[in-house]
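Report on the structure given below.
Labels A, B, C and D are assigned to the chains in the order they are written; within every chain, residues are numbered from 1.
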Amino acid sequence: MLNVGVIGTGMIGQDHIRRMTRVLAGVRVAAVADVDASLAARIADRAGARAAPDGEQVIADPQVDAVLVCSWGPTHEQYVLAAIAAGKPVFCEKPLATTQQACLRVVDAEVRHGARLVQVGYMRRYDAAYRALKQVVDAGDIGAPLMMHCAHRNPRVPAFYEPQSAITDTAVHEIDMVRWMFDDEIVAARVLVPRRSRNGGDLQDPLLLLLETGGGVLVDVEISVNVRYGYDIRGEILGENGTAALAERGLVTVRRSGALAAPVPVDWRERFLAAYDVELQEWIDALAADGAPAGPSAWDGYAAAVVSDAGVAALRTGERVAVRMAERPRLYHRPAPQARPVNDSREVPA
Amino acid sequence: MLNVGVIGTGMIGQDHIRRMTRVLAGVRVAAVADVDASLAARIADRAGARAAPDGEQVIADPQVDAVLVCSWGPTHEQYVLAAIAAGKPVFCEKPLATTQQACLRVVDAEVRHGARLVQVGYMRRYDAAYRALKQVVDAGDIGAPLMMHCAHRNPRVPAFYEPQSAITDTAVHEIDMVRWMFDDEIVAARVLVPRRSRNGGDLQDPLLLLLETGGGVLVDVEISVNVRYGYDIRGEILGENGTAALAERGLVTVRRSGALAAPVPVDWRERFLAAYDVELQEWIDALAADGAPAGPSAWDGYAAAVVSDAGVAALRTGERVAVRMAERPRLYHRPAPQARPVNDSREVPA
Amino acid sequence: MLNVGVIGTGMIGQDHIRRMTRVLAGVRVAAVADVDASLAARIADRAGARAAPDGEQVIADPQVDAVLVCSWGPTHEQYVLAAIAAGKPVFCEKPLATTQQACLRVVDAEVRHGARLVQVGYMRRYDAAYRALKQVVDAGDIGAPLMMHCAHRNPRVPAFYEPQSAITDTAVHEIDMVRWMFDDEIVAARVLVPRRSRNGGDLQDPLLLLLETGGGVLVDVEISVNVRYGYDIRGEILGENGTAALAERGLVTVRRSGALAAPVPVDWRERFLAAYDVELQEWIDALAADGAPAGPSAWDGYAAAVVSDAGVAALRTGERVAVRMAERPRLYHRPAPQARPVNDSREVPA
Amino acid sequence: MLNVGVIGTGMIGQDHIRRMTRVLAGVRVAAVADVDASLAARIADRAGARAAPDGEQVIADPQVDAVLVCSWGPTHEQYVLAAIAAGKPVFCEKPLATTQQACLRVVDAEVRHGARLVQVGYMRRYDAAYRALKQVVDAGDIGAPLMMHCAHRNPRVPAFYEPQSAITDTAVHEIDMVRWMFDDEIVAARVLVPRRSRNGGDLQDPLLLLLETGGGVLVDVEISVNVRYGYDIRGEILGENGTAALAERGLVTVRRSGALAAPVPVDWRERFLAAYDVELQEWIDALAADGAPAGPSAWDGYAAAVVSDAGVAALRTGERVAVRMAERPRLYHRPAPQARPVNDSREVPA
């Protein structure tokens, strides 16, 4: 039974607490903290956990085996560094930190620690459809990959959404997914813009983000955050001998009023709910089995930040922007985790 | 934390133990028994549970809150009756018992107990696609239902599969699903037969089972158990103003070698793995919340047996066979459980 | 250039005249007759054809090479017999005649004539999707056929639609299609009925028609004539090793307002427009090449009538009704026409 | 009856002669010429046409009402100019001429003539799926268009295929389609390249062509000419409130060997056969009705050449290349032709 301390009890923090309390196996919420102490107290009470006065004390709590950071982005660095200092595994919701320099400080701290403790919350790697797509690619069914076409569509965005958010908050999921899908770094970014959707007001929406991988795969990502009709994630990979694509995912098809229709997810929660469950269960299982996480690393968090910065510069300048990364430490040279079978019929634990 | 005792550690028993140990929340395997005592001991050891000498002692174990019966079908009745006698909730894999008379004895025992303790393992009610289908029907989106077209296809069947198994083992899932989908009893069955598939040797395969509900819905079920190409479950409901169907469920589509293709599940495990998870989690949650199960009841187990018998008689005689059922006890008059939302975003427990 | 005389200028007659005038190659409308002489005159004038006082004079016209019978059903027999007597090829819209006895008289007349002159307007054999389906079956891709599941859905029916029309007017298309698809006769029919759709008032709608072929293929046909949502034709064949189905046929898919949707045809004209074009062009081409038609024969027209009668009896009695047919004359023993490739890249005429 | 003279009896010329002889209404092949006089003689003989010694004499033939130019590209300009000089309507297969300057000479000649005579063979405007897509856009169903994602995939290309052919021969279809779809000019082009497919040897394949329209629609076109798996044309338009896409077009779906599959067209002939039929029938009908063509104009041929040149420059330089066009003459200011209904139920001619 893994005892987890949760820092931050906003929407995502509460959702993870619900998940650990009511959905997942082998985990218990031991301690909870939030800047809103009374909220933390209420949440802790419901979850049968201790309310701590601050994140540092969650980390320090001897009953806490591992830490989940769900607080405001600008605080991520300090809590992740503190967890590393305490030698405790820490799962940090994206972003790892708010600047690439801060991300690199986390990488450096973990490298000095000498073993992986950090996992970053890029959950697409846990989505059954993306995993099946990666299996097709890795199996060589379509030949060597050449291009990938993606779309990331949101029905609407909140008022605080800023121009660069299309890259740093939205497309960052595709940035991590592409690195994972092709086991490769992204070396350049470019952004092209059509005319603006009137649904987005002054916001430059949509965008076309173009990414190049070190191995020469060209990826185009349509980012549209005001499409109104639903939440829609698309991806098709062109290989030398075929293509593989995320399938439409409706559970039912309905014929009425002149049309054959399938529902589109209303939001990201509906689309990726199961991926969050799998992500956290595998984190728990990996800590139980190996004492260390196997998912997206601090390096992945750093790389996403660097590529995002290049994307933002590309958006600002209209130019192709080369990605300049630090040298990848040996700690992160481990073979990329293989895609697991979509339906995992694990045996009873031996 | 629910402490569950498991009787029977064959394939399905082991799978449920894996599920309770590694997938689900709020549950612990407390005790295990099997006719093969050394197998039970090994399984118990891995699961951190006690190995009991027999099922009765699992039921009697004061550390056991609820019982899971996964043993050989002919033993189901005795264990379920014993659990009722002990006043413990019991989840029994299908069938509830091997004859309708035996099922009725369980119903009678539970009625005498005065409250629901029994749940039967009809897991299609927990499949996300069937639930979405029921939501469409219940919402009135296609008007009042008139007909349903189903297919239940297996790639192949084992050597011990007998002629009536097509009804009692295979179509019984559709029998339960139809009763649940339309909140209604089945009143008659008929079986038509085409020429036999050579893949099935002497077996009469495929069959067309025709069911009539009390409300006049006509259901046809193609049962084909040697289709070779995969495991395929289909269902389309015709309403007065439209239709609703289970959608194709491939995660990816691949274009290669002249075709656009999506994989078909290889077997029932792949198709219904998630439904088993949901089924058992909801059972656990219902016991925690209400102390009683909310899923398929002993009455549902009895009704499935009676309709199956009618189907077998229809297969043997070629005639329409009316279903004759006992009177439904008041205990089972509770309103049918509503379909839950497909994506359940439950709040943190209050 | 084939000179065609058209008898009957109602909706279907006018549509065929438009087709021969503006769509098809190698044909000219030479003469036209209708019970409404002024209508015939107007139509003839527009088409550059002669208006004849009656059908007999169309047939007798020395400028008429071949006859198209589009008049009221009860008049079909007399015009087809007159065309045979005149030794002229005749295309007769369905039905060939209004009773099986009358159909047999046409068969007998043609047999006495000694060569095929008659083609009956069963146009599904010319639909690209049905042809592709037959190609899959004939190629053995799914193994020997065992069952077929069909649905024939109309949005609504006119006031003069009678109870037996569901068989004689609607399902008769499936009756001919099944005989053609499996190159076999239908030997028995049965009709099951669910509760009635309120959209159909007193009409028994929908129906489930069950057909057995001589070779043991079992076919179920849902006939629903008030589904409101559109015109929908479905068909899936179960073979020993796989299945083949008519695909959804939307040209575009639209994502808006929470759904991914494709249009359903509004009526049979939209769904089968191209099949009518192909049907008549191939009739014209066959007459030009061989002087005789190659499509559905008088025997096919007779067989459809006999099976329809069995279906009507089955609807009335609720029983399985065996089909009793006359002996098939040698004239109709020719090998069944092979399905042509879906995309026919014919060479320039040699 | 339109009398057509055909210049050039290679593959496409022969195919159009077959079409006019055996498929379409209201047309006759009157005269034929080819550089290979004996081929022209054989083809003319089969088609019941006169063999002319050269293209000029086809044009001059008083029995020829309209001219079809299917000869080698470098000869197009001279024949189209000769037809204009003769005042005869001329349908010219693409390209209109081999340089934008030559295209402009044709435009100038037609402008001096004072009325449209020229139609260029861009047949996608006649494809039922593209027309349905345009209808959705024009109807405003998805809101104002913002982006379009296209793919143009060939299984393989012949040995004479050159680097710029990917733009001038392949993507030129998308170039014309985009101008037509959005009733707008293309103002800039850019080409990005991933690593090369080994199926294409030294050829830079695939490419990503990016087009900007005057109104600000951004179009990306994947051009892959060695994908092996089939011929695949894709298109999805993002509007402010939804998307519309070309649907998959398989006629049947087959389940066998673990997969649900639909065939992909083997080549462009299979995919666009019907579009060629519609294209030429509408040309014939327009000449019959109005004496002038209504399809892609000389201006469209010129614009395609100018945009192609910009695309080739973009491929060579890696830069965004602005499209510089001559001023559009008043002759081509007519409103763009509206998309016709997909299923055109035209009445009998009045």
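Just so we're on the same page, contacts are C-beta pairs under 8 Å (C-beta built on N, C-alpha and C of every residue); 3 or more make two chains touch, one makes a residue touch a chain.
None of these values were measured; they are calculated from a predicted model.
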Exercise. Would you mind telling me which chain pair, A-D or A-C, is linked by more contacting C-beta pairs?
Key: A-D
Exercise. Please flag the chain sitting at the greatest distance from chain B, going by CA centroids.
Key: D
Practice problem: Could you grab the centroid distance between chain A and chain B? Build each centroid from C-alpha atoms only and quote it in angstrom. | Solution: 36
Quiz item: Counting in whole Å, what is the centre-to-centre distance of chain A and chain C, each centre being its mean C-alpha position?
Solution: 57
Quiz prompt | Gap in Å, rounded to a whole number, between the CA centres of chain D and chain A | solution = 45
Quiz item: Mind pulling the chain D residues that touch 2 or more other chains?
Solution: 228-229, 241-243, 248, 250, 255-257, 262
Self-check item: Partner chain C, residues of chain B touching it in the complex
Solution: 143-144, 146-147, 149, 151, 190, 192-195, 197-199, 206, 208, 210, 212, 215-218, 220, 222, 224, 226-229, 238, 240-243
Quiz item: What part of chain C is in contact with chain A in the complex they form?
Solution: 228-230, 232, 248, 250, 255-264, 266
Exercise. Provide the residue numbers of chain A that touch chain B in the complex, in ascending order.
Key: 14-15, 17-18, 20-26, 43, 46-47, 128-129, 132-133, 136, 141-142, 241-257, 262, 269-270, 273, 281, 285, 342-343, 345-350
